[in-house]
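Both complexes below contain subunit A, partnered by subunit B and then by subunit C.
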Partner chain A sequence: MSGLDKFSEKMTRRVARATSRRSLLTLIGGALTGAAVIPVLPVSRAQAQGHGGGGGADPIAPQTTGNPQDPGDQTKCDYWRYCAIDGFLCSCCGGSASTCPPGTEMSPITWIGTCMNPADNRAYIISYNDCCGRSACGRCSCNRNEGDRPMVRPQANNDINWCLGTASAIYNCSTAVILGVALEQK
Partner chain B sequence: MRWLAAPALILATGAAAMTPALGDPDTNPALQSAARARQNWILTCQGCHRADATGTPQTTPTMAGFVAKFLQVPGGREYLARVPGVATAALPDAELAEVLNWSLVRFDPANIPAGFQPYTAAEVGRLRQTPLRTEAAVLRASLVARFNADQHK
Partner chain C sequence: MKRVARAAAFAALTMSASMTVAADFPQPLAEEPVPSVAELPASYPDSWIFVHDFHGNSLIDARGVIVDVAADNNNVRGQIPISHFGSITPSPTRSEIYVGETFYSRQTRGERTDVITVWDTKTLTPKGEIVLPGGKRGQFVTLVNSLQLTNNDKWAMIFNFTPGSSVTVVDLDSRAVVSEVDLPGCSLIYPTGARGFASLCADGTMTSIALDAQGKPGATVTSEAFNDIDSDPLFMTPAMVGRTGWFVSFKGNLRAIDFSGEAAKVLGSFPIPAQSGGTPEWRPGGWQVISADRAGLLYVLMNPKGGEGSHKDGGTEAWVIDPVAKTLVRRITLKNHSISVEATQQAKPLLVASRPDGSLDVYDAVTGAFVRTVASVAHTPITMTAVRR
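Showing the complex of A and B:
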């Protein structure tokens, strides 16, 4: 035991003689700065670019209309027309915000609400037509539910499967079609 | 402008073809605003009935060219205001009466009987207090049988 004591005392004294307190501060400062740099490394940036709310690291190119009256990225859950959507965005599934992916059929039975367009601050009537006939897309899950009502009001509930009136009741993804401009509220 | 022009045209032709009861939408209190009625149709009815009111055979009976036949038989007028989709729609009485009158003129002007008086807010407010539930289908079948029998006389 005394041998270990002597050894550690010898080493400690050697370090104390050979280094200054200022060099210890330098070492700690360097470590702090180095740790701060880790989150800005490219690896971390790539992981942070999630799409569609719960999309994770699925790489999907942005889709914009280029029209200043229709701002935003249609593959993102925060796109203005998706204010009451619940499902997978067809924009991420081979379709668009208003068309179905190939091989699916658009449901004629829909639930309809209004969304505020940030470009002109007017309410637009939006129809959430589901696309049906292929298994769930699974990309860009988006669940915003503004104006969603409980199941006792099925005509305004978006948790039920709206693949009605189609050849198949299998849900693939959801669109948000503009039907028109809503009247001004008095 | 096309979406505004279409119902206006339909209202105009409908009004010309039938009784003056639903005449000028600007002066008749039953049709205060055709634009508002159309919007309420879109927001509360069209999702299931479809834009042209043709419906889906299994779930939503057709209204186009059909719905005003109910006005031709006793009990039919009350039935139209008590069916679940009408009675429980999230609309105040006045707007519900308005969209009901509007949908009759819009989707079935030919079958509106002569002397038809438009629904009023008070009437719709009274009728929707007793909404139909599961018995709606049975009542509907008996009314349809009644006016089909009348037609074949």
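Showing the complex of A and C:
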């Protein structure tokens, strides 16, 4: 894991540099990673447990990429890229797994995860950029907490609103963008 | 014609019934004045709690709900708004409620304003506000230790996250910012001594910062590392017994920290006595997972499906722990899967468990007997704060 962590950190720094937000990184020293807001989480997870996963609502119509190398339903929490996501899925809100909804602003710093693509069996670095400037989307809440740690370690905490460095800090939804293959994975 | 006759007969019947009823009640109901707006007592009873409705589906429209959990009806007594990842902290001694929140001039865009809004407990009207500089108020799923009081409730302390950490100290009398304290590598606010606070740090330590009479940071004391963040971190919200904070860890270890002095003193730790029946094991789970009653008993929300990543999943039982005897006193089986627990500070305490569907289940904390459900209190009842004096 330490190798992965280092790689994740490096990737995050690259993202941060590319978006001229290095000053934000320096504020928390070398430990920074990123973002992924997660508003509703604990509750949505408990709700899913309490109601058999559906919460009583009608299901959202599936959305697939049509690409057999990118399999799964992007409106579902079990889509392979969402392995460390926490928040409303932008795929359900006018965006996609890698695109923010119209009119929102993508957060420049993000929480990074490494997810295994079941189609090509490669580990990908996934950046969970939040989309900001509209109120909470309210559709397809998804919260996975494996590896999540409390606020005392912010870079590993998915409860934080990572709409930082955006014109508006209002949280809308979260994406799961492919940054690359985790070449350094051990 | 037949239809007309039938209608006339029905009207006669109705009229006769009305006359009979009117004879029973010779006086009509009194006219009622308009406008009419309810008020609350300035000091709330011990059976009242503040429920923070995080309102996950509309974060800018979150609110605090004031609930009497001991009443048979009329339980919801009022609401105040809490905008976007805010915090709510009452001060019974000042008869005020403080809300840390963030607004934009055009609701979701425009100029950002971070404030502590001051609410009157009696009228639930805003008495004033303290504008916080820098647009850096920390925003995250509600943690009550992001906004705390010190100096005999004269000052409020609010946690900032940019992602650099700091604390802004404000004077509640003059409603002005007093100071700002940098807090590199540490998170949240646990009031210490007469004036000051401690904070949990990413290296597993706790740092204490005393504040002088002007609110400026003075001596800083850092503890030995005790918080095993990798394998068994402490939940961030403690149960307070006097000035002792009881924290519980992901795997069910209880840790006491004495906040009565200028520097936090990390005391001992002991495990919640292991119980069988978990799959794979019982662990604390939920959002506000530990509370304490006035006698010092602890209530921990427990999840039988405990494992890595289960820590926010809520629980199905509340375990009552005597931290002095280090024993499990009682297991309270909850009627419903719950996400947070809070004990009232009555002589005979009630245990409140909030549900993901927004209702509250109330139990007799002494016997564990179910008492009532207060239905549909909130959209997302994420934290609860009982009246404490």
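Keep this in mind: the second predicted complex is superposed on the first by the 124 of 186 C-alpha atoms of A that agree within 3 Å, B and C clash if a C-alpha of one lies under 4 Å from a C-alpha of the other, contacts with A are read in each partner's own complex, and residues count from 1 in each chain.
Keep in mind that, in the parts below, a contact is a pair of C-beta atoms (placed from the backbone, for glycine too) under 8 Å apart; a residue touches a chain by one contact, two chains touch by 3 or more.
Keep in mind that this is a model prediction, so the values were computed, not measured.
Visitor: Examine A:Gly180 and indicate which partner it touches, taking first as subunit B and second as subunit C; both and neither are also allowed.
Guide: In the superposition, A:Gly180 touches subunit B alone.
Visitor: After superposition on the shared chain, which partner residues are touched by A:Leu164: those of subunit B (first), subunit C (second), both, or neither?
Guide: Both partners, subunit B and subunit C.
Visitor: Given the superposition on chain A, which partner contacts more residues in subunit A: subunit B or subunit C?
Guide: Ranking subunit B and subunit C by residues of subunit A touched puts C first.
Visitor: A:Arg144 in the overlay: touching subunit B, subunit C, both, or neither? Say first, second, both or neither.
Guide: A:Arg144 sits against subunit C, while subunit B stays out of touch.
Visitor: Between subunit B (first) and subunit C (second), which does A:Ala61 come into contact with in this model arrangement: first, second, both, or neither?
Guide: Once the two structures are laid over each other on A, A:Ala61 reaches no partner at all.
Visitor: One more residue to check, A:Thr110. First (subunit B), second (subunit C), both or neither?
Guide: Once the two structures are laid over each other on A, A:Thr110 reaches subunit B alone.
Visitor: Using the superposition on chain A as set up above, list the residues of subunit A that contact both subunit B and subunit C.
Guide: 109, 153, 164
Visitor: Flag every residue of subunit A that touches subunit B in the complex, lowest number first.
Guide: Subunit A residues touching subunit B: 108-114, 125, 127, 153, 155-156, 164-165, 179-180, 182-183.
Visitor: Sort out for me which residues of subunit B touch subunit A in the complex.
Guide: Going by the criterion above, the answer is residues 3, 35-36, 39, 42-44, 46-48, 50, 56, 59-60, 85, 88, 90.
Visitor: For the complex, give me every residue of subunit C touching subunit A.
Guide: Against subunit A, the touching part of subunit C is residues 54, 56-61, 84-85, 102, 104, 107-109, 112, 135, 138-141, 143, 161-165, 184-188, 200-202, 227, 229-230, 233-236, 286-287, 308-314, 336-339, 355-357, 380, 382.
Visitor: Where on subunit A is subunit C touching in the complex?
Guide: Against subunit C, the touching part of subunit A is residues 24, 27-29, 31-32, 38-47, 49-50, 109, 133-136, 138, 141, 143-154, 157, 159-161, 163-164, 167-171.
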